[in-house]
Amino acid sequence: MSDLQPTKWEIMAAIISHEIKDGEVMFLGMSTGGITMLLHTYVPGVGLALARRTHAPNCAITSTDSPDMERILGDDMKVISGANIYLGEIDIGLSSCAQVDKYGNQNIVCIGDYHKPSVRLVGPILQPTHLAYFKREIIAVDHEARNFVDKVDFISGVGHQDLGPKSRESIGLPGTGPCMIMTDLCVFDFPLGTRTATLKWIYPGVTVDEVRENTGFVHDYMPERVPEAPLPTQEEIRLIREELDPDAALLPRS
Amino acid sequence: MGVRIIMSEPTNKLRSLSEAAKLVKDGSTICLVGRTGRANHPMAFAYELVRQRVKDLTIIAVNNGLSVDLLCGAGCVRRVETSCVGLEEFGLASNFRRAVERGEVEVAEYPEDLVTPRFYATAHGMPFYPVRGLLGSDILKYNEDIKEGISPIDGKPYSALPPARPDWVVVHAPIGDTRGNVVFFLGAGYSPVGELEATRCTKNNIITVERIVPDDQISKYIPTQFRRSYLPTIPEFRTRVIVEAPFGSHPSSLTGVTEADTEFIEMYAKAGRARLKGDPESWESFLDKYVYGCGTHSDYLELVGAGVLAKLRDVGGDLI
Amino acid sequence: MGVRIIMSEPTNKLRSLSEAAKLVKDGSTICLVGRTGRANHPMAFAYELVRQRVKDLTIIAVNNGLSVDLLCGAGCVRRVETSCVGLEEFGLASNFRRAVERGEVEVAEYPEDLVTPRFYATAHGMPFYPVRGLLGSDILKYNEDIKEGISPIDGKPYSALPPARPDWVVVHAPIGDTRGNVVFFLGAGYSPVGELEATRCTKNNIITVERIVPDDQISKYIPTQFRRSYLPTIPEFRTRVIVEAPFGSHPSSLTGVTEADTEFIEMYAKAGRARLKGDPESWESFLDKYVYGCGTHSDYLELVGAGVLAKLRDVGGDLI
Amino acid sequence: MSDLQPTKWEIMAAIISHEIKDGEVMFLGMSTGGITMLLHTYVPGVGLALARRTHAPNCAITSTDSPDMERILGDDMKVISGANIYLGEIDIGLSSCAQVDKYGNQNIVCIGDYHKPSVRLVGPILQPTHLAYFKREIIAVDHEARNFVDKVDFISGVGHQDLGPKSRESIGLPGTGPCMIMTDLCVFDFPLGTRTATLKWIYPGVTVDEVRENTGFVHDYMPERVPEAPLPTQEEIRLIREELDPDAALLPRS
């Protein structure tokens, strides 16, 4: 029996699974269908279900935009009610943005000058609150150069900022901010020392050059060789393909 | 000395759409509570505001989409206070985008969870609504209505949101009576929190409903499948006028009654996108055909077509 | 590498009354949500706190009566934050009166409508709850937790209420399961707003229920007459421990389940009044007999008598 | 047919009826049974019903403590929901107290020094909010000397105070404060000039001396002769006895 090769989506779902600790509560933002639905709903949803089947049987999610996914995952998708955002009861949030900078500040309000924007976007929706109160946030973004900027045009989600001596805590934010940027090429994290986006893992088949070309901000740490992302185990791939998502209704198999 | 004997006569609050829209003067602040993108928008009322060529509106909106976009596209709006204007899977709200990018409409940004608290603050006599979740964000930099303060309790900074003070709140709901009693139906994961919080902060509520039912018989007209649930209501005391506007949320949906007309929204969104890219013709045709060209809401429904509308009714709607 | 396969095992939160009461340490702040005078008080839990001789409690109470009076009368209380402690038609709460008049218990005064907003403030991350309705009253003079400020929005004075930060919230309800899901029944004009608001401001909720029902079958155990209504619930996520305590509100009522035991309350009130007037004997006998003399809640119920208890069950209660 | 003689309760109900304007909304405080129930629930309830039958068909009440009364009065007791206290949607409130002073300040918290009271009472309940937000308040008190004091020991309901140049409005209270004190002997009002309790009407058979003996504060205006309270008309008495409360279940006939 030959080894099962994980798809990109399975790799991402497994990374999310490993990020979730037992008993933690996850919150997903709004999705609007298509690729967004895959990246922001199905991948983390399968990630949560995988965590529940493996190391975190008591993790849960507050709600999703997808009754279909909840039906497919069934008991593997524990949806709880009553978790309170403001009391710090959400452990992990997930959100997207049009711009992210190296401090993990996010923007979904406008591109360009606020008063005369070149593109007016939807508005802050729940992003400020995610980044203020959730214990940590996974930023999920399509990996295009224009999405990665030196300084976002509008801070609608507060990252680690360029706070100098000030920390997020010192300005009164209870959450610890973004813990990773997950793209379709790679994962950045925010090491405690610098709190700036640092390339952590690239997916199989992706090169550092490819990441560099598609990333608009300068990294403090961008070595020639970056570890390849940890791949899901054979058992995790089997769980996804045979038990959680047998019809590939959530994660495409290619 | 004689005593006048007068029996109480409940006020009939039923008005035509046109009469109700005339209540909204140029420069008014109105609250339009649609639900993100394309659900539960009081569209018949929004169309009528366009027909009456109302100007310089300030719109307080919860996560919004179609209704704000339409009013921006027709030049009725000066300012929007909101967390979101978008069309979900149909893309950005092009008319809103264009108006903001051209500097014709200004926006006061609020996060999604802090829109209804502005209604709560008004309804509870709070001088302002203090929060801490905005610290560090550019919302504080650009929304000049939000002021910074120091808490007298713990001495740390907070942001003070202004209570919402709409001149009019406009809501679309399934059924109501001429006294102004209104009932909402429920959908999966949906309850009309925004609508209820907004209507509680004023008595100037304009309610459009799919159907006016006989006074004191509203519960008889609740479809069977909803009768086993608690249903949210607006009591007559809070309603200023009520308007019968069947399919009054079209092309947006109405929870438990009508599906969204996705083909129509696609056409609408395409017209807006073309205009944003410099080709105003299809947007102008849209307004000419579906708004200015329709004397009344009935004319609009006729244009949309009975066949199309019938397909949009969902289970609850069959019984309306 | 192998993967541990672990199926999720819901936590069993069922505890004995004694175990649950041990969570409350001397000097804790607890919230007891009874309803004015003699309705819906978590009395079994209050009795158990007395048995365990807990000291120096701060009690946050909505309009209250029996439970606070009992704990004051047994010397468990240092401070009460409330709008009211009284026994309605049975007169003033003599033990509370005595303790306050002797300076043993201090009171932080809040008006009735500003008790639950302190829970709301906590549950919504508000640094304080600003109000204007206290200006000119002596509540501002004597409640030192309420601070005065100037609104950054309109420059006028306001009063800042401190959010409620109870160590534990204790609520008595009709039914629940071992995971901590809880359902309330409804009565004329009653909904458990205080209970729900309080439980939303912490995860340290101790819920006593008339009956523990099988997990995932709670809806089967709702009496028929309540099934057509929306019933308020506490989700398991908010429950720390759950305790089975039938007649756990005795001698107060429990909406939809048990009537108040007016004869018992009359006896209780009389004992308190005598003590206030300098004759402590009947109060001490009351405590000796019904509290210290009962090892468990079952002993207490036996003393009260099955015949008496049976008569107190109302329609909903028959089905429990 | 001889004239019907009104009872004291009927006189009070009619005074309340005349105070209510058409379309107004009344709010009753909590009653605890017995004489309190009569004074604070049944008298104003019948007053409201009488107003609805005569000059104010659209007045209403927000709720009562008495389902019995609501049943007896039926459609004559219009109970509405949704009126908002803080938006000034309550026109008339009614409350009691253990102490009232000549400015209409009320006390239901304690007698004596706050920190060492001789009597600790129930606490403020909703009184502060009545007196802050309701357009006007009727204070209903048993007429005993100890209830009428020069200065209340705790202001739990703010009257016209001894504000000197400051008005209620200047301290930020939207309601106009107490409009009358109604007792079982007489009615005081608060004329605009002085805003201090002034004897307005006494009930038939009551003397000014009797009022004076039972009133603990000094009135700015206490003449030898005070107008007798306006009596209900024959038709009003008939309405109460024959139509509103035919079994005298609410107002005793003697």
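Brief remarks on what is shown
Letters A, B, C and D mark the chains in the order given here, with residues in each chain numbered from 1 onward.
We adopt the following convention: contacts are C-beta pairs under 8 Å (C-beta built on N, C-alpha and C of every residue); 3 or more make two chains touch, one makes a residue touch a chain.
This is a predicted model, so every value here is computed, not measured.
Common neighbours of chain A and chain C, listed by label, are B.
With centres set at the average Cα position, the gap from chain C to chain D is 33 Å. Computed centre separation for the pair chain B/chain D is 42 angstrom, with centres defined by C-alpha atoms. Chain A and chain D have centres, each the mean of its CA atoms, that are 63 Å apart. Contact with two or more other chains is made by residues 85-86, 133 of chain A. Multi-chain contact residues, meaning those touching two or more other chains, occur in chain C at positions 124-125, 132-133, 156. Checking each pair of chains for touch leaves A-B, A-C, B-C, B-D, C-D. Of all residues in chain C, those touching chain A in their complex are 1-9, 11, 122-125, 200-203, 234-238. Within the complex, the chain C residues that touch chain D are 36, 63, 82-86, 88-89, 92-93, 96-97, 100-101, 103, 107, 109-114, 132-139, 142, 156-157, 188-189.
Residues of chain D touching chain C in their complex: 30, 32-34, 63, 67, 85-86, 109-110, 114-129, 131-133, 154-158, 161, 168, 171-173.
The part of chain D that touches chain B in the complex is made up of residues 52-55, 57-58, 60, 75, 78, 80-87, 89, 133, 233, 235-236, 239. Chain C makes touch with chain B in their complex at residues 117, 124-133, 147-149, 151-154, 156, 158, 160, 162, 227-230.
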